[in-house]
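Labels run A, B and C following the written order; every chain starts at residue 1.
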Amino acid sequence: MTLSAALLIVAQIAAVGTPPTGDTIQVPQMRSQPVVTATTKRSPVAFDADRFDSLTANALRGLFDDAVELGLPVRPLVNRALEGAARRVPSERIVRVVREHAAALHHAKRALGDLSREDELEAAAIALRAGLDERAVEAMRTSRGRESVVVPLVVLTDLVRRGVPMANAQEAVARLARAPRSDDILLGLQATVAKNAQRGPGMALDALNRYVQATGVPPAVAAPISPDRKPVRPPEP
Amino acid sequence: MAADDLTFPRPDDLDDVHATFIASQLRASYDATPAHDATHVARVSRAVLAAAMHAPSGDLAATPRSRGVRPRWWWGAAAAALFMTVLTRPWRPDVAQRHADSALTSSASDSMGPTNEPIVSGRTSEEEGGTVRFEFTLPATARAVSLVGDFNGWDAGVTPMVRDRSGRTWSARIPLEPGRHEYAFVVDGQRWVVDPLAPQVPDAGFGPTNAVVVDIEGTP
Amino acid sequence: MTDAELVVRTRAGDPDAFGTLVARHYDACWRFAYHMLGERADAEDVVQDSFLRAYLAIGRYDERDQFRGWLFRILTNQCRNFLTSRGRRTKRFVQDEIAIESAAAPPAAHASGMEDAAVVRALAQLDPLQREALLLKYAEELEYSEMSAMTGAGESALKMRVKRGSERLRALLADAKDRGV
């Protein structure tokens, strides 16, 4: 291979990509009727096949079909494919990302249950890929009951991304998630940690601890919530 | 005798009567393929290493990583690409490579400028009737900024943003269904940028995006 | 030394470690590429290209995965790119002509080590996706789940390709045998 050819290749290289993870979709035997899909009120997204070459479009359709078979929402997968096309990502990476996302949705559905909303599954899939384990996701569902788990999951994913160790982040979110108006409190935690994480290593965790302390929400305990616990003070800005 | 001790043909093999024949043909052909001598293989390795040395950017061409380094901020796509290869993030050192095509991605640790004002910043707010207002501020004038997300097929042509008088803050208002949405900003049709302080969605192979949660019905 | 250890050393900048990885996996990669592409020179180019890409992406290799599988992912993609981008049609006919000429003198074919050129020639006449699926399933002996992870296609689609591919390959081989080539 000549040097110029090698340079050309190198110039074209977008990430070759991480290898496939252990998660693959096991396609079950054909069913007589589809399983209950996630309940969602979202409008459907059209799969614009023209944005892909035919090989890739076929591969993607195969993945969408597999997802329907497994009772997974297809809309998030279509959106991922469209995002990849919009970013002009190489086709093989688009297919890999969509496939891995479908596998993550599959695990999310297992952890959250069949009647989860589509965006809960999305948030859980992202959180699982960020390193959260399934049991933590299940626990979140249990503690939230019928309330949406989207905000706790979004906040948790972000905290970890900013450098808060997983255990600390999980504990803080579980604790705050049980407070009234928890969504606002959790988003406040995210904003505070995000701002402080910029200052250097260790600042994210520090900010998390200070914020949780300031809210006055007691630590999560195994016992069910008692109705007469301390009122929650709004966090300091 | 346990069932595991018996080797039953798998259903796949039974389906295709001729599978064994084809398999044996292919394996025989494989076995007939000559091995390459060590000189040839060594030559290949050297060629690969030589080509990689001239790579403009690559995992192994980057300077050695050190934990906790805070890079300086340069403006300009070329400088930003170099910047990205020396960027370190203690929890994801390998992610830096992926961000090379987004000059302003400041999931980086430092988006504060010399006067301690944020260089890139965004804001979302909910208005009446399920409309969400997105704001995005850039340090220098861009020609065009679009909002892209899972609500418009990530198409930069659908939701162009409007610039304010200062020329640095762009905004758009769109109706969004309740729940979680992902979004990003596209600057001058090419660079994908995220709001550094808004909740982020980690890179799953394309680059990071932001997430916003519009009030979900029934949530107290 | 395991592949994972060699990867760690390669990342640290040890060229000998990478050389060892190449030596370890070269033949397996070349075998696949040769059967996919039908020509030795093309196989050599694509394999070298794949090792280059692997080297540049070595930072993203996840040690929990098999190195061979990761490398093969790159290799199969490179083979596909090669086949789609270079207009293989004309080349294939040229290759067939040469193959027919050499088949007329069987001892020469044996000496070059290409005894089963008939198989490679027949493979070249298959749809590339079927060819790939056949090789991954029967020659590389992967499970369908592994193939799905590697190619991004659903398992049912892959099974169909293997089924159709084997039928066609069988017909091609029988036909070649009848014609004495």
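We adopt the following convention: a residue touches a chain if its C-beta (ideal position, glycine included) is under 8 Å from a C-beta of that chain, and two chains touch if they have at least 3 such contacts.
Keep in mind the model is a prediction, meaning the values are calculated, not measured.
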Could you tell me which chain's Cα centre is nearest to the average position of every protein Cα atom shown?
B
Between A-C and B-C, more contacting C-beta pairs sit at B-C
Chain centre separation (chain A, chain B; CA means) in Å
15
Rounded to the nearest Å, the gap between Cα centres of chain A and chain C is 36
Centre to centre, by mean C-alpha position, how many angstrom separate chain B and chain C?
30
If a residue has to touch 2 or more other chains to count, which residues of chain B qualify?
47, 51-52, 55, 58, 97
Expected list for chain A, residues touching two or more other chains, is 1, 6, 9-10, 13, 15, 17-18, 96
Residues of chain C that touch at least two other chains are 48, 52, 56-57, 60
Sites on chain B touched by chain A in the complex:
47, 50-52, 54-56, 58, 67-68, 70, 90-91, 97-98, 107, 109-112, 148, 150, 153-156, 177-180, 182, 192, 196-202, 204-207, 209, 211, 213, 216, 218-220
Contact residues on chain A for chain C in the complex?
1, 6, 9-10, 13, 15-22, 24-27, 53, 55, 58-59, 62-63, 65-66, 92, 95-96, 98-99
So in the complex, the part of chain C that touches chain B is made up of which residues?
10-11, 13, 15, 18-19, 22-23, 26-27, 30-31, 34-35, 47-48, 51-52, 55-60, 113-116, 119-120, 134-135, 138-139, 144, 159, 162-163, 166-167, 169-170, 173
Which residues of chain A touch chain B in the complex?
1, 3, 6-7, 9-11, 13, 15, 17-18, 41-43, 45-46, 48, 76, 79-80, 82-87, 89, 93, 96-97, 100-101, 117-119, 122-123, 126, 129-130, 146-148, 150-151, 154-155, 157-158, 160-161, 163, 180-181, 183, 187, 190-191, 194-195, 197-198, 200-201
Provide the residue numbers of chain C that touch chain A in the complex, in ascending order.
45, 48-49, 52-54, 56-57, 60-62, 64-65, 69-70, 73-74, 77, 80, 84, 129, 145-146, 148-157
